[in-house]
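One chain, subunit A, appears in both complexes that follow, with subunit B as partner in the first and subunit C in the second.
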Partner chain A sequence: MESQRVTQTSTILTTKKRRLLTHEGRWGLLLVSPYLIHFIVFVVGPLIASLYFSFSQYDMLNPPNWAGLENYEKLFNEPLFYKSLWNTLYFAILFVPTQAFLALLLAVALNQKLKALKLYRMAHFIPVISSWTVVMYVVDAIFNPRFGMANNFLIKLGLEPQRWLNDEQLVIPLLVLVAVWKGVGYMMVIYLAGLQNVPNELYEAAEIDGAGTIKKFKSITLPLISPTTFLVIVLSTITTFQAFEQIYVMTGGAADITEAGGPNDASLVLMLYLYREGFSFLHMGYASAIAWILFIILFLLTLLQLWGQKKWVHYN
Partner chain B sequence: MKVERNFFSAKAIGYLIITVSALIMVMPFVTALFNSLKTYAEFTAVPPRWIPELFQWSNYAEVFKLGNFLDYTANSFLVTFLSVLGALLSCSMVGFAFARLKFPLKNILFVMVLGTMMIPPVVIIIPHFMIFKQMNLLDTLTPLWLLECLAQPFGIFLMRQAFMSIPKEYEESAKLDGCNPFQTYWRIFMPMVRPSLATVAIFTFMTKWNEILAPSIYLTSNEKFTLPIGILSLSGQWFGNEQYMVAAALMSLIPILIVFLFAERYFVSNFTNSGIK
Partner chain C sequence: MKQHKSFSILLSIILVMVIFIAGCSSNSSTTDNESSNENDTSNSEEEQVTINLGFYSGGESDEKMQELIDGFMEKHPEIKVTTQSAPYGQFFQKLDTQIAAGEAPDIWLSDGVLVMKYAERGAVKDLTEWVNRDLNKEEYYGLEFNEDTNGKYWGVPQGIQIGALYYNKDLFDQAGVDYPNEDWTWEDLKEVAAKLTIDASDKKPGDEGFNSDNIKQFGLTFFSITEGWFPVLKSYGGGILNDSLNKSIINSDENKQALEWMVDGMSRGIITDPADLKSFQSSMAVFPSGSAAMRIGIYARVLAANEAGLNYDVTVLPKGPDGERFSPVIANSWVINDSTSDKKAKAAWEWIKYWATEDEVQKEWAALGEAVPVKKSVANSEVFLNASDKPENREAFLESFDFAGTLDTNAVWSEWVAKFNEHAQRAFLKESTIDEALENADKDIQEIVDEFYKE
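Now for the complex of A and B:
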């Protein structure tokens, strides 16, 4: 009785198995195979390896040596780690709200039947499509301490010329300014898509009720595009915490990575610290520990934002 | 009357904001363009002169004589071309399978695709370096395009969306005509998703053409460099001729600018799609 049932189930299982690997099933697996390889070789494997390295001493020349929590202990006792963490946070605090605010402002201005709309949109996209190398030379034309246009302008106004990226106080605000300049066109387009989803009837109804432009913006536009704002904030927080290229290129790291990070490491962000430790000093285990701490911070920040969204994001 | 006046003033403010902003976007590029047409003496003059006295167009020809600029350009084109080709093929294949075919573990795998998008690249960058070292591919261009040929999640996602929007009848009539799934994908469905293919192509083009992190990790020989890091590496060599570097940088912008001018709507749809996700 019992054994009969077992054989019965097993025949059902084998027929099911045979059915699973039909002609179509085989084709399906074949067609997704590029991603299967990607996932196994370049995602799962590396995740496990990276976690292992973070608990090891590893210089790439010798096999990794298990070291327990040593890397993490060293990390939490390292002033440079806290400095780079603070620099990253400072960058994000300045960058994320400024970019979101300006992107929204521009999207609202552009979300009317303006002439030459395409031209305006294109102007805002030129920085978006430029590499950071191009941006560096373009920004240098303005903010070169010796012969840039900005200092010339300051002198004409009777003000002191500045050292810009070579100034410990100015380097991060200036990098943020450039990052906003480069990225705001991208976020503007995301906002434009959000604005186009706001039904016109709502504005018409509000107008009948006698609501002015500002009132309409506050009580209709802002709540209805809050999911877009949420998205813009989450996306830019994530990219900011992983910002590398801009700071690597713009603060002299390209010539010598140990030089990267601005004057007195004033713009050394976590990613740059990781790169420097890993690829210049070959402290691969330590660099992996930085990577995991960065991952955990990002994860917590995203959780925090998801939790906080309940208070201000409206989904209809 | 009142509505019209309000409308006009909102529009005027809109024009003002967007015009000022557009000028801020473009003026630094114009300034850099002028700088690239100066002599060195003019380039370093204090106070600076905005428009050069005489346009030195020859600066652009000089760029090709110095350093490995032609190598960088060729490398950038090769990496970008192979990446775009690989991304188009792999993302459409995988996207088609996820949208149209039944196969074991399909749903779990798709959740994993979405999960991959959330993993910060920084966490896996060191093991990637080890893998390519093991494969003896350091200081070659291969690591720069190989991963694009293995279907990146964002492209899969975009292509899956496109394939899902095609009515079922096409698939059934293809089956009746005796097409196997690959033929259905290649002959019937691929021509119908051209806009999404364009979006994937442009997105990949832009990422690869501008990429800095991966080439700076994988490449060590100067003649292997791609444009963004190649131009940076010239700063020592060209000391005293900075106007050439500005010319080189602006030249490296030309291909992506051309692609952008011809495919503006795909650029925009790409960004809006990434927003809606």
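Now for the complex of A and C:
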């Protein structure tokens, strides 16, 4: 039986050179074909199409016209593009470290043996599953400049009321605050999984050697969960660059698309800019160019992170 | 042999999956027009023509539309109508991609401000010949609002929105002020509005310690182009584009005067500024919630005001300094897909005729209270004028047709409106001067218009 199989595989190996695909290869291809078809039709196709559109004038209602580098030229001369790029980066700079840090803090706290632990974990996960529209109502109850609790509180303390989301300086930090509140539960769960993979023996050994809580955290926990931290940072970076719905809803885009990204374009991020140009103004070619620039930026950022990980991420 | 068999089983499973996936993608269109399959078969048998009709809607109007379509099919057994509808935002977002994919409905309901967007990009049919042949133009409101600068008709109105001045009678009574009348100028309005403005500590403008940053009740609320700055600019003699809709005329003294009127009102707390509006769930909510004594509003706003149970009425919009008046119009219209076959286009035109000419259809639709009826005879009849709901003075909407005009709508309307809003808001919030705002808006809008019309 055993030897039979060995001879079978060896004959396959010899015929491999002659045929393009082995029997097993065909099977393999067949088994992945549903995904492959999906991938080619719905991912590769649109990708190529959008690359073509980015070099043409395309209003969706008429066939695209080849325009060469015109869209990219316009893009690099457009102050609004740089402003939205900066807004996106600003958002990321505030969001990524804050969320990672808070998620870790929460995960460590909820990795203890506390009473009603499941309840705490669940409580932190509720914002994750709520829709942005619902979140917007909660945020409005707090930060509405006229009726909100935040301003009532400030007034009671004898301080100046703020315009919150209508304030050019405050809008991005405030959006980040809400995004962290909504997203931290998800990252916390990832961290919890990471924490639970740290072998207990290491802590026990360290205790015998007389290490304190902080020392244990610094020398055991942090290095061992560094792959998780890496994952969290890459994931949050990608989320910020794709942030759309939150800003769209919270800055009033649902009522009027031209309002989204306000006040005075202070929260206009790349995705919103892309959406507005493409779907409201029918500059699909230009919007495709923005999309490709966005892709290149994200690609470079991820490469940078992958390169950087060698310095601080430890895989066993 | 055995392996072969399992291989072919797997192959058929995958085939089924592929068909399923393919089915999913076309699924959305079959749910849109549930009866399309059945129509296709009957189509070949009886020389029937099937048209797909798209419209944006909400619950109640959806039902009524279906009723009217059923009535149409009874009258025209040779035409089958399948429908697709969605809420406003989704409808137009989907429509653009549908047109791109050649899958758009044969006929659809277009927002009045978007007709030219489709017309000038060649997405809808020129209806001039048919309009001239089949419709007596004298009988309708709003046909001229779908006419382009070359006199071509691109759509036939489904319902008309026209602006008027709404006022809350209770708030006027409380302040002991006379209701607005037809002789008012914008200056008169502001004077009265000041008397109706109340800050958080119940002080009025002019009282000592009045805080214009914390207003409880505004004299006037306005926002957006339609229900705000455009009618004011126009009645001051200004405007955005020239008659051929390809040159900006923004940087003018008239516009400056009008903007000064607005900015002054806003800085005194009498008129809602963009920051004030943000503190409401929606800009439209200010008047129905009783937080403003007056508003500039189109006809459809009676729905929200009635729902809120306001004691209110309407009158024509005030005059400018030279006695000029202007009322903004949006003629939501039926348009026919340019790439549809002649046969289907003809059937679609039958629907338009049915909609516009049949009194019964017009009355049924008018009863929903969403728009001023297109047919003058119906608009001037009891059905519209003496509807049981408020406002009492519905004639005001009809009188406004004497000085009505479109919003300078051209192919790039949404784009230039966004630019103007941006600059105007800066002036409204005193982040820039009025001169700067007009100058920049003029430059940016000319650029947008040039880009589209350069060829």
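Just so we're on the same page, the second predicted complex is superposed on the first by the 280 of 316 C-alpha atoms of A that agree within 3 Å, B and C clash if a C-alpha of one lies under 4 Å from a C-alpha of the other, contacts with A are read in each partner's own complex, and residues count from 1 in each chain.
What we mean here is this: a residue touches a chain if its C-beta (ideal position, glycine included) is under 8 Å from a C-beta of that chain, and two chains touch if they have at least 3 such contacts.
Treat the numbers as computed from the prediction; the structure is a model and nothing was measured.
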Message: Looking at A:261, would you say it contacts subunit B, subunit C, both, or neither? Reply first, second, both or neither.
response: neither
Message: According to the stated criteria, A:147 is in contact with first (subunit B), second (subunit C), both, or neither; which is it?
response: both
More subunit A residues in contact [subunit B versus subunit C]: B
- prompt: After superposition on the shared chain, which partner residues are touched by A:165: those of subunit B (first), subunit C (second), both, or neither?
  reply: second
Query: Which partner does A:39 contact after superposing on A: first (subunit B), second (subunit C), both, neither?
result: first
Message: In the overlaid three-chain picture, which partner chain does A:280 touch, first (subunit B) or second (subunit C), both, or neither?
response: second
- prompt: Does the superposition put A:207 against subunit B (first), subunit C (second), both, or neither?
  reply: first
Message: According to the stated criteria, A:183 is in contact with first (subunit B), second (subunit C), both, or neither; which is it?
response: neither
Task: Using the touch definition from the top, say if A:62 reaches subunit B (first), subunit C (second), both or neither.
output: second
- prompt: Of all the subunit A residues, which ones make contact with subunit B and with subunit C?
  reply: 27, 31, 34, 37-38, 60, 140, 146-147, 255, 279
Query: Can you list the residues on subunit A that touch subunit B in the complex?
result: 20-29, 31-32, 34-39, 41-43, 45-47, 49-50, 53, 60, 105-106, 108-110, 112, 114, 118-127, 129-134, 136-142, 146-149, 152, 155, 181, 185-186, 189-190, 192-194, 207, 213, 228, 231, 238, 241-242, 244-245, 248-249, 254-255, 271, 274-275, 278-279, 284, 287-288, 291-292, 294-295, 298
Subunit C-touching residues of subunit A, taken from the complex the two chains share: 27, 30-31, 33-34, 37-38, 59-62, 140, 144-147, 163, 165-166, 252, 255-256, 258, 263-265, 276, 279-282
Statement: The residues of subunit B that touch subunit A in their complex are 3, 6, 10-11, 13-15, 17-19, 21-22, 24-26, 28-29, 31-32, 34-35, 43-48, 50, 90, 93-94, 96-98, 101-104, 106, 109, 112-113, 116, 119-131, 133, 147, 149-152, 156, 180-182, 185, 206, 209-213, 216-217, 227-229, 231-233, 235-236, 245-246, 249-250, 252-253, 256-257, 260-261, 264, 267-268, 271-272, 274-276
Message: If we count contacts the way the header does, which residues on subunit C are in touch with subunit A in the complex?
response: 7, 10-11, 14, 17-18, 21, 93, 96-97, 99-100, 117-118, 121-123, 224, 274-276, 278-283, 412, 414-415, 417-418, 421-422, 425-426, 431
